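Submitted below is the structure of interest, expressed as structure tokens.
All chains are identified by letter, namely A, B, C and D, in their written order; residue positions are counted from 1 within each chain.
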Amino acid sequence: MTVQMREARVHRLPMSAPNDTSAIANLIASGEIDPGSIVAILGKSEGNGCVNDFTRGYAVQSLELLLSSYLDTARIHNICMVMSGGTEGALSPHWILFEAMSAMKANPARFPEGALALGTHVTDDFAPEEIGRLAQVEAVAAGVHAAMAQAGIARVEDVHFVQIKCPLLTAERIRAAGGASQVATTDTLRSMGLSRGASALGVALALGEISKAELSNAAIGADLSLFSTRASCSAGVELMGCEILIMGMSSQWSGPLAIGHAVMGDALDVDPVRGVLRSFGLGENGQLDPAGRARITALLVKAEASKSGHVRGARHTMLDDSDISSTRHARGFVAGALGGLIGHSELFVSGGAEHQGPDGGGPCAIICDRT
Amino acid sequence: MTVQMREARVHRLPMSAPNDTSAIANLIASGEIDPGSIVAILGKSEGNGCVNDFTRGYAVQSLELLLSSYLDTARIHNICMVMSGGTEGALSPHWILFEAMSAMKANPARFPEGALALGTHVTDDFAPEEIGRLAQVEAVAAGVHAAMAQAGIARVEDVHFVQIKCPLLTAERIRAAGGASQVATTDTLRSMGLSRGASALGVALALGEISKAELSNAAIGADLSLFSTRASCSAGVELMGCEILIMGMSSQWSGPLAIGHAVMGDALDVDPVRGVLRSFGLGENGQLDPAGRARITALLVKAEASKSGHVRGARHTMLDDSDISSTRHARGFVAGALGGLIGHSELFVSGGAEHQGPDGGGPCAIICDRT
Amino acid sequence: MTVQMREARVHRLPMSAPNDTSAIANLIASGEIDPGSIVAILGKSEGNGCVNDFTRGYAVQSLELLLSSYLDTARIHNICMVMSGGTEGALSPHWILFEAMSAMKANPARFPEGALALGTHVTDDFAPEEIGRLAQVEAVAAGVHAAMAQAGIARVEDVHFVQIKCPLLTAERIRAAGGASQVATTDTLRSMGLSRGASALGVALALGEISKAELSNAAIGADLSLFSTRASCSAGVELMGCEILIMGMSSQWSGPLAIGHAVMGDALDVDPVRGVLRSFGLGENGQLDPAGRARITALLVKAEASKSGHVRGARHTMLDDSDISSTRHARGFVAGALGGLIGHSELFVSGGAEHQGPDGGGPCAIICDRT
Amino acid sequence: MTVQMREARVHRLPMSAPNDTSAIANLIASGEIDPGSIVAILGKSEGNGCVNDFTRGYAVQSLELLLSSYLDTARIHNICMVMSGGTEGALSPHWILFEAMSAMKANPARFPEGALALGTHVTDDFAPEEIGRLAQVEAVAAGVHAAMAQAGIARVEDVHFVQIKCPLLTAERIRAAGGASQVATTDTLRSMGLSRGASALGVALALGEISKAELSNAAIGADLSLFSTRASCSAGVELMGCEILIMGMSSQWSGPLAIGHAVMGDALDVDPVRGVLRSFGLGENGQLDPAGRARITALLVKAEASKSGHVRGARHTMLDDSDISSTRHARGFVAGALGGLIGHSELFVSGGAEHQGPDGGGPCAIICDRT
């Protein structure tokens, strides 16, 4: 007897430029990707990952152009597209495309712990004066619960990663809001951090990691003791609301993919990530061998410069460098730390981990093929 | 019966700015450092590591000011000072100070394989038109042999690392040379690479890694199949000759310190470095624990962006980034890869590995305390 | 009695981001722009203007999306789109849209000297190994003559500006060509300069400013005595051929617009540009007043750092700055010099003036409304 | 009958690097500069002008090394040394050395309006938590009055320029102060702006341009309607107090030098500066000719990106550029605007004009030789 089950499929594909969607187009042409089942597309694009990073919008526009041959506009806008700019060091630009299939399964119980489950939600647009403030925190918390319901994940401990794309302030938007006195900050680069932080606190609130009583506008971007162990937030100029993608484990889903997560305590703290590999039977010693590496479908992690100015007692210079944003420094370094463990550089390292893991650290999720 | 032996001491010390020599001053004051026995001081300073990095000259000027209280000018100029700019990612600015002591030893044979041995040499200044060309290669090769003799190292296989500081071209120097037609390049940033490459080929020639017949001006910076497995070259605006520091093992030296080296094949290739740790009885699994970490006196490595544009088949963007020099990208990433292994970020990662290891890789040396 | 005449119309319009084509869309909706008569669109977009500036491709893709509602693909590809990245200093991102209308004129002789005339041509794609070499020079020279014929400009002295968009080399393209030995340079940023220079020499050859005998591959990017006084070349990753737009004066064209040009001898040499203003009856003293400013439809100029390393005997640091490309420095400075004269910052200042004017200087054209 | 008068001498001298003091050394050797009469040395050094600009400290250390051959340490520390980093565009690194001589004058009344007068003052060091706050404003105001008295300037309208060097916050200093809750900001780059702003408001208070009642910690960096027309403040990591140099006109001083000032209303507003030139009988039309140029001993000006995001209605991108600090953009652009007027690029353009002139503009002073 067979039953109807959902199954997540994840494709990690290269891009030669922000507008290069050919790898996706090829898999659609070959039938390996069904456009109608796409629920989310993440992109690691090669901009600076900061305020004036137009590679994110360019990549989204290019994806929409490609998909417009297969899907209508409304359906395309239901796909959660999160572009994270910044491929510092040897990081390699790539797409991570998520499909949610529905199929009759002869043996749904093959993995009693269930399988990778996906859920998405898009919030309403924010006013510029709401960005980086409690209004954003609460809208995200509600969105996380909506996405969990959609994914069929009942327990918060089964949520392993929440990827959010959120807006930022620009000089134009600050003016539109009525100027400096109206917005959380007039520093556009800093607005990216406040927006990421407010989104992360929304995840922490939804997952019961913090209580509403601990929250205030003043705490956002300031009280580093408040954080989520599973939030990953990325800010971009090309939207004014939040796009939420939840990844977890659910018995309503089948298939070979599973997800686990860990929290890096600082930029050097790779052993917890090695622990996730071990939970999948990998990474006993040194770097993954090619066979093990092939089982890693995707690695997603947040990186940031510790506000303390130190890592394990040694001073870093990331916060005092006026030539390169600290987010760029942190992505390149953490990419190296995890690349040395996994053995390749197609890693989704996203900068700016405000309230995403402890100061200087960040959440890391690994999607693994169990077959 | 006791015998006269030499012994190398190595101090790794923090700096809070390029002119902060207080950590060295404190150890001189406490008697732990004898100014008269200093043979070399390396510095990882927080500039951009490129043409207009004045943190190197500032650090050297500050060291000379400190030492002028203890040594005369001629003696100070005999100390090999190699400042390498660029502390990308979590890299921590620091000094590595080398002393060569001479003492009566009761048990010089404690380590039959001998101990860390040091030798230095300074070449004559080059004319701007000689920089990055065969004249520089040959002057460096002769200098390496002179430094080996001084160190008491007879066999080239006992040389584990050769640190060289070499000059670069500036707009001023190109003009002084008579303009574009006279010099190896008019691109000042590129001149740093040609000078590093010519120095590295000088080491390879001296150590028998390549033959003179394989060399030509055209091959410098172009024929990536020619390289040294032990050269580390750093270019700076503040000198016009080459300063050479050799590190190896010699039975003429005693003490707890030993040195080993490996070659990273690419920016992700950390397992050979783990092999060096294992040769010292460390690093079986995962990251070094605090006890093991404390035994690592210094780690020196070269990093660069592979000219192929790929790492293990995945495209990197370091060579196409016009906002950040590829040398800065490479230092931050390799620092992460090795920091994840060692567990701290006071690593001497030097950018620009032309002819220093294979394309995209680089030599790595570790000085370990065997006690 | 009336006669059939052509008339050029030029619209200078703001953009709030590389994909903001709303100002153009609004004028199409109001009937002030006829999509069918558009011959060229220049864009000053806010990227770094260097190798990894994707704002150019994003702007072009956005223009094509807009125009696809009005024109078929073949017609859109006949429109010469030249995006120049880099809005340093107070430079303001903007579009300059050129229309060629055809109309019955009652009084075509109103301006006996004729009026602004336009012509365009697109060359075939180049192979990567042709970029920055004589093959590119010759293809551009032929293209300039084709564009003059199309514009109805018989005498080379009536050509006042030639805007060219040309390709560059990337790590990918160098590999495709078979590697370092095949291409003019492996330095991707430098390839932009060689491509601009080869294009400019093609203009100089076509306009009789230099002779074929003076040309060689070695002279490209090296012999600064060879230059055009009217070429403006901009390199971008998004094409592999050259797009040519010619601007001049012709009695076959009517209307209020006229064009004049001058050559800046160095980055401070604004008085020749003041001379062009005076030829239009403007700019006697100080900065243009609002009435005079309103008559300046467009200003186009090239800027570069002098390879001599000096401006009027004073050292500049643009060529030794490894944090900011010299092209970015030069655009911001020349924009200030000419902005102080004109009184606004919507200036089409394009970086990299290899063989476009003398070393450190560049051609400047002004389109003025004579009514 | 002769009387004792003071006379100011000003030397503008080139530097080939931050440590190049040879031009000063040569004039000391030739007797043209008397080390004992030096009251101030300004330097335009070639760093990024932001937090991690060590060219300022390097230049100061180099000046101290030079002067230590002629003056004792206490006397050297009485010399006001203000290094301003950032030589964007064609700006040329240079020193401006001020001497105050005392001599018997036969005809002190030659210039009835008097002559350039100089005064200096150094405040006590601030605690990190005082930087950018009212404590700094009040200390500077008291210091300005002390410097006026020293200069023999009785009327505030005779003060034409007040150059101040002030401190900034670094990650280290914020930690020393007890963390984020104690200091005005945790953003080190932003701390430079608050420190400059507090210093400028101190000048405005001292010169009666604003009243104490208008001031508050909240207004610093926020209320752009409060500004001085004569303050020029530059922040650097190498000090913790404020160094103040006053320039004005006084009948107690003689000699050929005079000073005048104007305020630029925005980055394009060069005509008020032309007005100052006209007050000296220069600059009727176009750019100064070589004879007029030779009479301009020094030009000092502040530049900044308008917080409005616009210049004369046209959007600029300086505040949204995460690759280049807006202070670097603004210096290069304003340098071009004034360089086009004066005709050379040895201009002391200092970035960050918070409360120094209106939003987007800045004070400009010109020292002219009247002979």
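Odds and ends about this structure:
Rule of thumb we're sticking to: a contact is a pair of C-beta atoms (placed from the backbone, for glycine too) under 8 Å apart; a residue touches a chain by one contact, two chains touch by 3 or more.
Values in this document were obtained by computation on a predicted structure and should not be read as measured data.
Ranking every chain by how far its Cα centroid lies from the centroid of chain C, the top place goes to B. Counting the residue numbers that touch the partner chain, chain B and chain C have more than half of them in common.
Centre-to-centre separation of chain B and chain C, using mean CA positions: 47 Å.
If you average the CA atoms of chain B and of chain D, the two centres end up 41 Å from each other. Shared interface positions of chain D, i.e. residues touching 2 or more other chains, are given as 16, 46, 48, 52, 172, 315, 317, 320-321, 323. Residue ranges of chain B in contact with chain A, taken from their complex: 14, 16, 46, 48, 87-94, 267-268, 270-271, 274, 284-287, 305, 311-312, 314-318, 320-321, 323-324, 328-330, 332-341, 343-346. Here chain B touches chain D in the complex through residues 16-19, 46-47, 52, 54-55, 57-58, 61-62, 65, 172, 237, 323, going by the rule given at the top.
Chain contact summary for the complex, chain A toward chain D: residues 48, 50-53, 170-172, 174-175, 180-181, 186-190, 222, 307-309, 315, 317, 319-323, 325.
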